[in-house]
Amino acid sequence: TSRKEGDKFNILSGFFEGKTTGTPLCATIENKDTKSKDYASVKTAMRPGHSDYSGYVKYSGYNDYRGSGHFSGRITAPLLFAGTIAMQILEKYKGVIIGTRIKSIYNINDDSEMKMSSHELNELKKKNFPVLSDLQGILMEQEILKAKENGDSVGGITETFILGVSAGYGEPFFDSVETKLSHMIFSIPAVKGIEFGEGFKVTEMKGSAANDQYYMDDGKILAHSNNNGGILGGITNGMPIVFRTAIKPTPSISKTQNTVDISTMTNKTIQVEGRHDPCIVPRAVPVIEGAAALVVLDLMLEREGEVWNLMK
Amino acid sequence: TSRKEGDKFNILSGFFEGKTTGTPLCATIENKDTKSKDYASVKTAMRPGHSDYSGYVKYSGYNDYRGSGHFSGRITAPLLFAGTIAMQILEKYKGVIIGTRIKSIYNINDDSEMKMSSHELNELKKKNFPVLSDLQGILMEQEILKAKENGDSVGGITETFILGVSAGYGEPFFDSVETKLSHMIFSIPAVKGIEFGEGFKVTEMKGSAANDQYYMDDGKILAHSNNNGGILGGITNGMPIVFRTAIKPTPSISKTQNTVDISTMTNKTIQVEGRHDPCIVPRAVPVIEGAAALVVLDLMLEREGEVWNLMK
Amino acid sequence: TSRKEGDKFNILSGFFEGKTTGTPLCATIENKDTKSKDYASVKTAMRPGHSDYSGYVKYSGYNDYRGSGHFSGRITAPLLFAGTIAMQILEKYKGVIIGTRIKSIYNINDDSEMKMSSHELNELKKKNFPVLSDLQGILMEQEILKAKENGDSVGGITETFILGVSAGYGEPFFDSVETKLSHMIFSIPAVKGIEFGEGFKVTEMKGSAANDQYYMDDGKILAHSNNNGGILGGITNGMPIVFRTAIKPTPSISKTQNTVDISTMTNKTIQVEGRHDPCIVPRAVPVIEGAAALVVLDLMLEREGEVWNLMK
Amino acid sequence: TSRKEGDKFNILSGFFEGKTTGTPLCATIENKDTKSKDYASVKTAMRPGHSDYSGYVKYSGYNDYRGSGHFSGRITAPLLFAGTIAMQILEKYKGVIIGTRIKSIYNINDDSEMKMSSHELNELKKKNFPVLSDLQGILMEQEILKAKENGDSVGGITETFILGVSAGYGEPFFDSVETKLSHMIFSIPAVKGIEFGEGFKVTEMKGSAANDQYYMDDGKILAHSNNNGGILGGITNGMPIVFRTAIKPTPSISKTQNTVDISTMTNKTIQVEGRHDPCIVPRAVPVIEGAAALVVLDLMLEREGEVWNLMK
């Protein structure tokens, strides 16, 4: 799709005659944008909103500060690589489709309701800027441009849909579907919140409204609503899995900010130089989808084993 | 505290001469409230909002349906037991204090701002119904009673504060503080969302406002704001760890609901009988604190080893 | 079988209407033999061959020294409980049979060759003292009695056979079948060595003799020999899994031994009092089988998922 | 040392200004010896003693059969790379020294007793063919050459010594030092047995001889013997950690062997072509040392945390 990163990957192992072999798949993705000298100025000035200070303490000052080092958003490229393969497996062998829409950027919301068909999801996946309401999408993109012009940044909320997962995957308690998905999604830099189904809004509903009441539909058990986002007791109930992810504004901004110098332990101001993405939400979309695919594939491997695809 | 459950625990191992031994601590908590016959009617009628259906599929019908079986909220008692011990260790050896306030019940919000001192946190922990604004607390409790009278239920949002964790705990990416806390908190039944710092609201801020700018305070690095909830790049930055948890309305309600009978695969209605807690939020408060304590203690053991407390 | 321990277990959860439910199976086994006063004398005198000293340092003196505390061989009772259930599942759903013979006690060896049929294995499992040569078995038992009379102890070697595991289970490298079995078997106290197939003796063979050459047998791939003990590249090859376990002499002996007093840091002598088993090898047999069953069941769950038994 | 492999590694991340950064250290080692065409003949003829057949079943025929694919002994190069770094850390910060001697090749044994000083260990590490008795070493090398001339192969036993680990590392039961070391050592291809201290021979000793009796030596607790190889109850007791590893003869031999063709399911003979190492024991020595170093470093990180080296 047009959303694909331009990164070239180089497979080193685990791929043979056009297929994965089952043994570890190893690939490298070269980072071609680095200019080490760009980052010399940030060696001791801790950029606000970044991991500079927490990473400095964690690694006792031995961390590689160039381009945020291991904390860089570019480290999501391998996650995207792995996730894309997981998504291909899920789609081919299980008919599972994962799609994500941008629900909001800054204060612009797309309140359109998802119809939740595989057709609608596939249409969404074709878009460069995956919103349901293209009008709201234009307003969002304007907001991003405006932030850029101001040397500032914006964040947003994405909404992810996973169709085709039947009931019975996951575990109660410590390995619930929510625990695994949240663990994975919070692994993506800049994520600050996750909610399933109606999430925080479900707290404003009465139980009688929040409960998803079941009915028989042509021999299949369905629910009239999906406030629980397809997960009950940590286990899938056959309804679409739905979750929303909060992504904070890019911390790299060119506006002057207050901070401290870690070497002198004094106050100073900082202006983060270089080309910065004023909004990482569109880039986060395929990463979130891929990360979710890895979790769903794991759930299926646990329940059906490594040979499930051969049993079809 | 007055919030303590009435449950009696029975320590079987790992405790000797008033101290834990270091080997596995095992305790049992007997469930005295069970009346197996109460649940016979729910054997095949899948209660909406509960794990009855997802659990039935997961365990191929072999699950113990009495009192929700392993999915019961009562299974949080061992979590509370373990968490309370973790909290004692953290407080005694590290000066870490963990407290939680009820932020909202149904549509009643307590918008009071936490001052975030250990004193204020300890005052909060003394309360039966831990809110900052006692007036809002009364309104919340009225809402709970009203739900009960109507055979309905309500949920709410809690806000947890962890004071005293210095910078440098956690890992980038897959074992970030957010991943570990969210993994643990979503293990608690009825949790449907979690957010750190400003969470979903941070998406409505510009980067220049969202970034927590640093300054020197008497030789210590602090930040003017805490929109990131004490975590940057997955690692603590020394500011208080703050997260909010969305808890759905109790699924057990006595109102008539539509559902299906799993044995006949037909539609039917259900009225869930028995005494049901119309709101589990107050009960969830100490469980969330204990669960968070387990995560924080783990973070400290990873960074400082099992012998850290001896080094003091 | 007559080998069963007299321990009574009490199932607390995970068992309903005569079947496991799929959720955690929890049982307790009460230790009825303890007399706390017996062990007061060993509080500071470190028994040679025991974990008293290493455990004292590990747990900074807080360890429960009574009856060896958590290091007691009695802690294998839960392993036996879990392993026995795993063995039942393997036998019923997979036709896997696991048996162990005592190969040697002290310097008495049973050099009889195992024919490796399920019949022979089942005959072995009926025996109180599971040897192939009953004559050698009598000599072994005499050696045990002699050790007891002298206030001494003996160890021995067991040989375990796992029949019915087809080819393809396990992983190369870090999760090979050998890594998993050895990890589990060394979890049993007093085990000091493990070898697969011909093990240490394979080092005295030429490659041409050590390699297990394949042939077709009625459409099935078999090998003329089994020097690799059913595992190649960490993965089962369909031949019986065979391993031998070295079990040291019981460290508890009534003979006078030199040791140190940890409180005074001075030399002293010790005589370990109480009834002690002069040889734990016969007791270790079912524990080793059960531990192996847990590993094999795990291998099958990984490969075939939690629903494999339903697919039959 | 002269034992070093000629492999060139290329560090991709985690290394900055001459030091590791604390974030993942990634390096690649290119395999320059491959000639893909060499292996075409082994595509369907299952080499005896190799993982060809078990891997074929495991991966349903999708495995990369060239050069044994992921099962190749060359995959130990990354283990050696990682282990060498672990060894440097252990030596520099903890004074831990790990050395391995070749104890036997085929039927040639070196019965010399190790004096177990860091001096002797360092002398051993300087040798190309690390034996204590150089005379026996010459005989071993002759045996290797003889096997090569005959198109055959030999294996052997190594003995590893870890000096400088104090008491208190490890866990009882499932994470004992023996479980962790055996898990790691069996991850190395061709290993078929491991034993700690006197290992299998301890079964031929009485308890009174096997128990390592303690005494005070200048304020330090030592033992007169080390039959338990420095580990009691799964935890180090401060004596040197000693284990022996059984390595099978190289399965690649040029002698004609019987086998089956997996595509036709018929018997056939096979002659494995190419240059093959008639004995991998000398190559295994540094891999075993490095693998052991990784385990020991892990044990120290668990007990003392990631910041232990900063506390010195």
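As written, the chains take the letters A, B, C and D, and residue 1 is the first residue of each chain.
Throughout what follows, a residue touches a chain if its C-beta (ideal position, glycine included) is under 8 Å from a C-beta of that chain, and two chains touch if they have at least 3 such contacts.
In this text the structure is predicted, and so the values were computed from the model without any measurement.
Enquirer: Any chance you could check whether A-B or B-D wins on number of contacting C-beta pairs?
Expert: By number of C-beta pairs in contact, A-B is the larger.
Enquirer: Would you identify the chain whose Cα-based centre sits farthest away from the centre of chain A?
Expert: Comparing chain centres, C lies farthest from chain A.
Enquirer: Roughly how far is chain A from chain B, centre to centre by C-alpha average, rounded to an integer in Å?
Expert: 24
Enquirer: Could you please state the distance in Å, as a whole number, between where the Cα atoms of chain A are centred and where those of chain D are centred?
Expert: About 41 Å separates the centre of chain A from that of chain D.
Enquirer: Just how far, in Å, is the C-alpha centre of chain D from the one of chain B?
Expert: 46
Enquirer: Provide the list of chain B residues touching at least two other chains, using ranges where the numbers run on.
Expert: 23, 58, 70, 172, 307
Enquirer: Quick one: in the complex, what on chain C touches chain D?
Expert: Touch residues, chain C against chain D: 46, 48-51, 53-55, 57-58, 70-71, 75, 104, 106-107, 147, 152-157, 166-170, 172-174, 176, 178-180, 182-184, 186-187, 189, 191-200, 202-208, 210-216, 219, 221, 223-224, 227-229, 231-238, 244, 246-253, 255, 257-260, 262, 265-267, 278.
Enquirer: In their shared complex, at which residues does chain D touch chain A?
Expert: Per the stated touch rule, the residues are 12-14, 16, 19-24, 28, 58-60, 62-64, 66, 69-70, 307, 310.
Enquirer: Of all residues in chain C, which touch chain A in the complex?
Expert: Per the stated touch rule, the residues are 23, 172, 301-308, 311.
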